[in-house]
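Here come two complexes built around subunit A, the first alongside subunit B, the second alongside subunit C.
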Partner chain A sequence: MFDKWLIRGDSLENVERDGTVAGFRFACRIADYRGCILSLHNGYYIEVDGTVYPREVQRFQVNGKPPRSFEEIKTCISEHWDFDDEGIVYVEAPGGLGPGVHRVGFQQSILSSYGYMPTDEEWIRNPPVPGQGAGAGKTEQICYYELELQKETAKL
Partner chain B sequence: MAKEKGHPKRGISVYSYQALLGKTMTLDDAFREMYDCGATCFELLTSYIEGYPNPSPAWVDHYWMLCDKYQLQPAELGHWAENHLHRGPGASDEEMVEQLKQDFRLANLLGFKTLRTKITCLNDLCDPEPGWQSYIEKALPWAEKYDVRMQNEVHRPTTLHTPHIREEYMAFIDRTKTKHFGFNVDFGTFQFKPADNDPMAAMWGFDDISKPEEIVEFLPYCWTCHAKFTNMDENFEETTIPYREIIGLMVDNGWSGNLLSEYEGPLAFGAINDPKAAMDLIPDQLRRHHIMLHNILGY
Partner chain C sequence: MMKRGVSLYSYQQEQFFKRMDFRDMVKEVHNLGCDGIEIIDESLIRQYPNPSEEFVSRFKDTLAEFGMRAVTMDVNMDPLLYRDHVMTHKECADRLIQDIKLGARLGFQNLRLCGVPIDAMELALPAAEDYNVRIGKEIHVPFTIRPNPEQADKHSFMPSQPYLCQEVIELAERKSTRHVGVIPDMGIFQHRISGSRFAYLVRHGANPGALRAADRLYARGLRQDALVSALRERGYPEQDAVTSAQATAFRSDVDPRDLLEIVPYILSIHGKFYEMTEIPGAEGQYEELSIDYDAPFYYLHKGGYEGYINSEYEGQRDAQDRDLEHLADEVEQVRWHHEMVGRLINTYWHA
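Take a look at the complex of A and B:
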């Protein structure tokens, strides 16, 4: 729903750790009107200027806690991501992004559904890879944004 | 002797504004809109509660200020009985009861007497996952304590004659004699044709739908219904659901529950690239819907 509004337009920035640029981050919202229990959040399809950054190099920050990997997120069964709250997606990418405008492809994977369908059983062992369509929740398609890298670099 | 006529309350489900909330509309704006439509009660979803399941006292105070300012009565809290939060075995009955209790307590704090309780189901027809009776029954004393009624939503493509409605849910009510479990009949179950340009319409077809007269026997177990609609025309008529017939039956059979407008038309789903149109048209559809309800009910 309104996928084009999911990433905040002025939120793309590089992230510095121990004095070197280790990656980038941006702020996004959850597409699903239900919000979600955090354990059901399964990561993102993220593509920047044609390069895909898989779930394994992503971390997610929400609810005032430090960024967590999606391996850790999947154990968070008593924490909620509110519908109207921003989360920050961190991507490990040594050197970060260059200045200027980047074309960012984005699809969210939220595994909450209205029921316990056969796919859900399969996803316990083998969660879908974000960006393939399966488990995309309410981001029905990969959405593309033109985002300008902010001048400030975030420090971790 | 003729039955005494019912007086359903006109309300709105905040879900109707879901495509706009948090983007062009705040919860405060939604309350002002509902008031302006002439609604007197509303549904909130747990996901719209900031800090769910533990909203701050400041949020709760603000919420009550909105109810007071816009003269809106809490009607229904939409929540989910989630039993597959682990990537592994489903939740135990005890875990489910804890989860339900938490939502009952929250509903009570926020003034809701009814809940739309989404029980995990196995398919599009919403056949419930076996075992639901066990945790729902264990939660009944808590529903009583917190003065809330769980309602299973009868939602398209489920009909009032889908076997599980009678064989499972009605059988449960008969056996337990509970006053804390029933039905929210979503009027989409009566929808006989798609709205124009509705990308969701083709999904289930219109061959097997509920007939308006089927609702009568369920009314004693309904406290809140979703007055689902998909298309209000310029003459203030809904073009896909036989509204006059349904509401006529409810009123004639003495039903005085909460009738909550729930917009789920093509704009709610198809507006991805046209937020401006949605900003104008979704609130407009709700206003038209309330003019229709006013015309039918006379208030």
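Take a look at the complex of A and C:
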């Protein structure tokens, strides 16, 4: 659900750290009708112009705190990502993205559910890799966006 | 008399696009001439499960401003929350107790639970009684009122709970409590492909004739493989046969008469609907062609039901493949639903 609007159209920008472009970021919403306890948030399938950026190079910013890795997010059992709020996804990619329009593939993974499921033990041991539909809530397919890189570079 | 309300879930798209805030929604429901409010806790409560005092005051003040009642709060249970182990049933009960306290803080009468195991419900029951918040399990597709294990196991996104109703009633009786019950979702009375889903499928290449044929064959009792075969025999291409049969799969097939057995345990009802359309020849009157409301209302009245039915609009999702200007109008759809629900209440409760 909300497939076309999960990434804010004018939010893709490069990120600069210590004077060099270290990657890019964009703003997104929850692909469901409810928020989630942050620990359940399991990362993203992110593909830009055919290159896939795995969970290990992603960080997530919400609730006015600095960007955190998904290993750290996993421990946030008493923090909530509210439905109304945007989160910012940071991707480590030295040099960042080139100017112009990029084709971005996106799928969120949040391990919320309607109750105990047969996959529970397996997902504790091996959290699903985002992009296979696991934890994708009401958006089972990968959504594609044509996003223009903003001229401003964010400073971290 | 059965009372009307709205689950603010119905306005999820308006909320997503920030076109309606909580107060706008409550005001709209008030203008429907009813006083019932239902919410999804994690959709509306900022920093769930520990909202600020300021949030709680504003929430209660807004309801008071429009003379509304906090009927049911829908809560969830995420077994993977701790990420280093699957939540135990004791931890599940603790989360439910936390939700009960939160529900009480906000003034709710009932909590709607999904996959909370019955033993966790029992552990939380003393808190439900202490805080005077009733806890009810939702009877949602694919579940049924009478046990139906085959049906309950057909869908992969819900935990299997074939004996849901029996377990709840047994617990209520054993504990002699009025604080546990069930919350039926009207979706269990769906009998054909919804208008919104039909339109979505056709936009994505489905064959309208095959979809209509699937509905007719379903009504004659054909299911799954037998339904696909029957469509093939009628000359529909393989893809059309499979797609159309799949479109009929998400059903409970509950007999409305079954409601009579559970009326005393019903805490509130989800008035699920997908698409309201004007009744041909009856200007200003609307119907939900895919879900039977008439017979269930008859049996709810016969059983003496006096609680709330809260509209739960879900058809907006089916139009979200379209552009912004072609999205469904949630406000209008809920208004039309209330026309139908109000009319049926008048038919049975005032007859």
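Note that in this section the second predicted complex is superposed on the first by the 156 of 156 C-alpha atoms of A that agree within 3 Å, B and C clash if a C-alpha of one lies under 4 Å from a C-alpha of the other, contacts with A are read in each partner's own complex, and residues count from 1 in each chain.
Note that in this section a residue touches a chain if its C-beta (ideal position, glycine included) is under 8 Å from a C-beta of that chain, and two chains touch if they have at least 3 such contacts.
Here the structure is a predicted model, which means the values were calculated and not measured.
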Per the contact definition in the header, classify A:D18: touching subunit B only (first), subunit C only (second), both, or neither.
neither
After the superposition on A, what does A:E152 contact: first (subunit B), second (subunit C), both or neither?
neither
For A:D120 in the superposed arrangement: first (subunit B), second (subunit C), both or neither?
both
Just which bits of subunit A does subunit B share with subunit C as contact spots?
1-5, 29, 33-35, 37, 39-40, 74, 77, 80, 82-84, 112, 114-117, 120, 123-124, 127
Which residues, counting only subunit C, touch subunit A once they are in their complex?
9, 12-13, 15-18, 40-44, 46-50, 76-86, 114-117, 157-159, 161, 317, 320-321
Enumerate the contact residues on subunit A facing subunit B in the complex.
1-5, 29, 32-35, 37, 39-40, 74, 77, 80, 82-85, 112, 114-117, 120, 123-124, 127, 140
Taking the touch rule as given, give the residues of subunit B at its contact with subunit A in the complex, in rising order.
15, 18-19, 21-23, 45-53, 80, 82-88, 90, 118, 120-123, 126, 129, 268-269, 271-273, 275, 278
In the complex of these two chains, what residues of subunit A are touching subunit C?
1-5, 29, 33-37, 39-40, 74-75, 77-78, 80, 82-84, 111-117, 120-121, 123-124, 127, 138
